[in-house]
Amino acid sequence: MSVDMAVDVGGLKLRGPVLAASGTFGYGTEVPLLERRALGGMVSKGIFLRAREGTPPPRIVETPSGMLNAIGLQGPGADVLVRDYAPKWATWDFPVLVNINGESPAEYGELTARLDGVPGIAGFEINISCPNVEQGGLYFGNDPRAAAAVTEAVRKRTNLPVWVKLTPMVSDIGVIARAVESAGADALCAINTLVGMSIDLNAYKPRLSFRTGGLSGPAIRPLALHLSHQAARAVRIPVIGIGGISCAEDAIEFLVAGCVAIQVGTATFVSPNAIADVHYGIASFLQSRGFGSLADLPRYLPRD
Amino acid sequence: MFVIGMRAPEIATSVRAGQFVNLGWEQGPLLRRPFSVYRADGDQVEVVLKAVGVGTSQLLGMRIGDRISCLGPLGRGFEMTGSRALLISGGLGVAPMLLAARDARAAGAQVTWVHGARTAADLCAEADGDDVLWATEDGSRGFRGTAVAAAPDAELVLACGPNRMLAAVAERWPNAQVAVETYMGCGTGVCLGCAVPLMRGGYDRACKEGPVYRAVDVEWAALPAHLPYAATA
Amino acid sequence: MSVDMAVDVGGLKLRGPVLAASGTFGYGTEVPLLERRALGGMVSKGIFLRAREGTPPPRIVETPSGMLNAIGLQGPGADVLVRDYAPKWATWDFPVLVNINGESPAEYGELTARLDGVPGIAGFEINISCPNVEQGGLYFGNDPRAAAAVTEAVRKRTNLPVWVKLTPMVSDIGVIARAVESAGADALCAINTLVGMSIDLNAYKPRLSFRTGGLSGPAIRPLALHLSHQAARAVRIPVIGIGGISCAEDAIEFLVAGCVAIQVGTATFVSPNAIADVHYGIASFLQSRGFGSLADLPRYLPRD
Amino acid sequence: MFVIGMRAPEIATSVRAGQFVNLGWEQGPLLRRPFSVYRADGDQVEVVLKAVGVGTSQLLGMRIGDRISCLGPLGRGFEMTGSRALLISGGLGVAPMLLAARDARAAGAQVTWVHGARTAADLCAEADGDDVLWATEDGSRGFRGTAVAAAPDAELVLACGPNRMLAAVAERWPNAQVAVETYMGCGTGVCLGCAVPLMRGGYDRACKEGPVYRAVDVEWAALPAHLPYAATA
């Protein structure tokens, strides 16, 4: 007996609930090993309208059960993405969403317009939660009005699914969640990285050249689970859980807590096959509990 | 410096000098640790290392039969051209040089190896070439001074060691092929964590386009200096 | 040559920069092993004016490099604290601060008045950041006006040092820090626990009976370092760093980042001697770098 | 069930039945893991365990010579009174019973031990008393049913096992001494994580006032049931 893993997420039909998280799977062309049939979908590395160099090294520091990164959204810009990557995506059997970034709502809108309708691009994940850029990024993420403004700017320019990725660095994620829901988001992704720092005791200054970085990995999972659960309780649109998911059990905790799907990030660095392991692990868990489909999994989601 | 070996037939037969493997293990640190392949012998892959932190300490504490997840071969290795090859290594920069000597000879080149270290005690015992020179900072063995200063001239120059040593190589041999060290997240090209600053501006990935670069192409001033290699030479 | 480890923290002279964090050292009477000469000071378990039962078990879940706790501020109330513990504290050679809690600014004030002047009580740490109580707690911590109101209520009732303990669950810790500084706080303590959750896949519900708990331990250190650094940049009063500190190097990162002292919490569960190890470890680090006193340690504290 | 031993002279000589040690080790989980002392032999302390999660699995993977940090003896053990002692254990609840038998005899009591398990295979081989009874759920050995049902009467009743078994003990012997299991943070009384709900209201600490309680004093309904003990009986 095989288990039905398909899910409907904010306007997209996915063959499975496990997606690759933005910035941890490149443009989907890099990692050779992955068993791609397990991939429910992929979110490409965050991109701006124009090319960006990114931050100087060091960009990475390991921390207890986690890591700090300050990549600075290095990327080739929209034109190269359309020219070099989208055509490849168009030939794949799973949807690719583009993680879009900007320094103003207008710029988010412009980028959306440039990418809308390009074959291979199945939807957008609005990044209003990147801690590693001077302008924009996090700023939009912790102000409900700004978050809504960005969401509207994107919503106006496309009929494709629009997901909004939330930051954990807020006092009440429900407020932001409701704001972007009313602004027209089809789904929410929670969470992006926390902000963290590490000091080099030889140089007496931060290890990262950007000084701070985004904290990801198993260390943040309990917070991510709580916040994605809070978001799911606050809105009616689906929530995709993200944060420290390394194995099937981790993923199932998010699904039980009310997420319709999940994204795997840092775990892919540890094992290029992490996504496949999570996908098949969920399937055998469901089977072992006698559930015929993902929809049968019991949920814990008291409404606010 | 210590050498540890692991069974990895596919890697052992396909690896080229300058490529690396990314190692992970149960109860180890979260992220894998990259190591140049030092020797490839039958179905065995060997790496040479020194304890500089938690990962290397744990690796050196392993016992025969313990399991390591070994990902590779990764990155772009050295290109072998020309009939006289000069290998320059500093400290742990010795790591890719045994294979480099092997591949250079296989390509029909005459191999001269210059290895530099702080003291004679730090020198690698296994330096292997048709002609081997030593250089120590304190003069306790061979030439007193840097390996770069001690080296003769040559067409094909391959170097590995602390980034500041490679910067010196770039001065003298702009076209030298150098294997750089960076911190790495994934080792597979997806995280952009291993950024190498380029003279033409921008960054690329030590784990994909590198770790071997044309010496003049790298903006040495912008690379971190305090990496483990530096701690060992 | 011995190193001068003494520090002046928000009105208190401490023989060393390492304190025991509230809730992880009980009332100072429980742990037998600790080498107490290393203790710069201690903050007692959070207390309310009246006795509290606390939350039902399970109260603890382990997480990657961390733990969740939901104790619910179980405690005997002010009168028992004054009767049973303060007299012991009065005989000790290090200061004891009381971690005070309330459901309203008035209740914080009342508790302060009850404890002010009691021999053995050297100062107050205002807890406006406990995630494990239904009323108060976190609520006061992420609203600058509420935080200031609580601080004033306490300030009015005592001339002893008043420290305010901040929550990480805010979008801008600098705003809260400045608010309580102007309300009369003598020092800030950053940070309290994050909020986290863990799901029991046998029961399909949260493992903790309180559903969520406070996340502590090494996992949160990079965030704690960043936030205590941000707080230190935002105010002129001293900041005490807290969060995931397990060894001397961890503590020194906080000191370099601008903290005048640090607190050790969860690490005490792992090793009852953690505080002594951190204290003596800092001393030998300073010695190895040729510094004669803690004051000589280079700091990284660009002003906002 | 497996037994592992460690050198801990002070603990071995001072431990009493029902007390526990809190174990931590390099590269292990963050928090220590509490285990009843199973046997104390010369300078050795032994614990009995089964792999139920990450910590117990790692402990069972240890090799001779590995180091464990062993904190103890912790908690309040059994009080030995009376001339006829009845020991009741379920699954891993066997843990404190070898010492209990030892101490009861030393106190001049006659010892009857009833051990219950799911099947004969789960039974502890080392049950030791002047009189030993078995009980298995499937009747594959000894009495078919629970250890509690199988047990004769007695003045001094000492029990350890899944909380639901101890609840049954409380029904039949209100004054029985039972060793409860809880999740623990510190094991030393400072975190209040090991709360045991009391009939008189409120909670106290399994690691300080416990783990041994008078059966009627505990509010069994409010104790978690899915702890590792339960997973093994």
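So that you can tell them apart, the chains are marked A, B, C and D in the order they are listed, and the count of residues begins at 1 in each.
The working rule: a residue touches a chain if its C-beta (ideal position, glycine included) is under 8 Å from a C-beta of that chain, and two chains touch if they have at least 3 such contacts.
Since we're looking at a predicted model, the values are computed, not measured.
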Between the Cα centroids of subunit A and subunit C the separation in whole angstrom comes to 33
Here the gap between subunit B and subunit D, centre to centre from mean Cα coordinates and rounded to Å, is 55
Chain-centre distance (mean CA atoms) for subunit B and subunit C, in whole Å, is 46
Separation of the C-alpha centres, subunit C versus subunit D, in whole Å, is 35
Touching two or more other chains in subunit D are residues none
Subunit C residues touching 2+ other chains are 65-66, 217-218
Contact graph of the chains (line, ring, star, complete, other): ring
The chain pairs that touch are A-B, A-C, B-D, C-D
The answer for subunit D against subunit B in the complex is residues 27, 58
So, in the complex, the side of subunit C touching subunit D is made of residues 23-26, 30-32, 45, 53-62, 65-67, 69, 71, 74, 200, 202-203, 217-218, 266, 268-272
The answer for subunit B against subunit A in the complex is residues 24, 29-32, 69, 71, 182-197, 201-203, 208, 222-224, 226
Within the complex, subunit C is touched by subunit A residues 63-66, 68, 142-143, 169-172, 194-199, 201, 204-206, 212-213, 215, 217-223, 225-226, 229, 244, 249, 252-253, 256-257, 285, 298-300
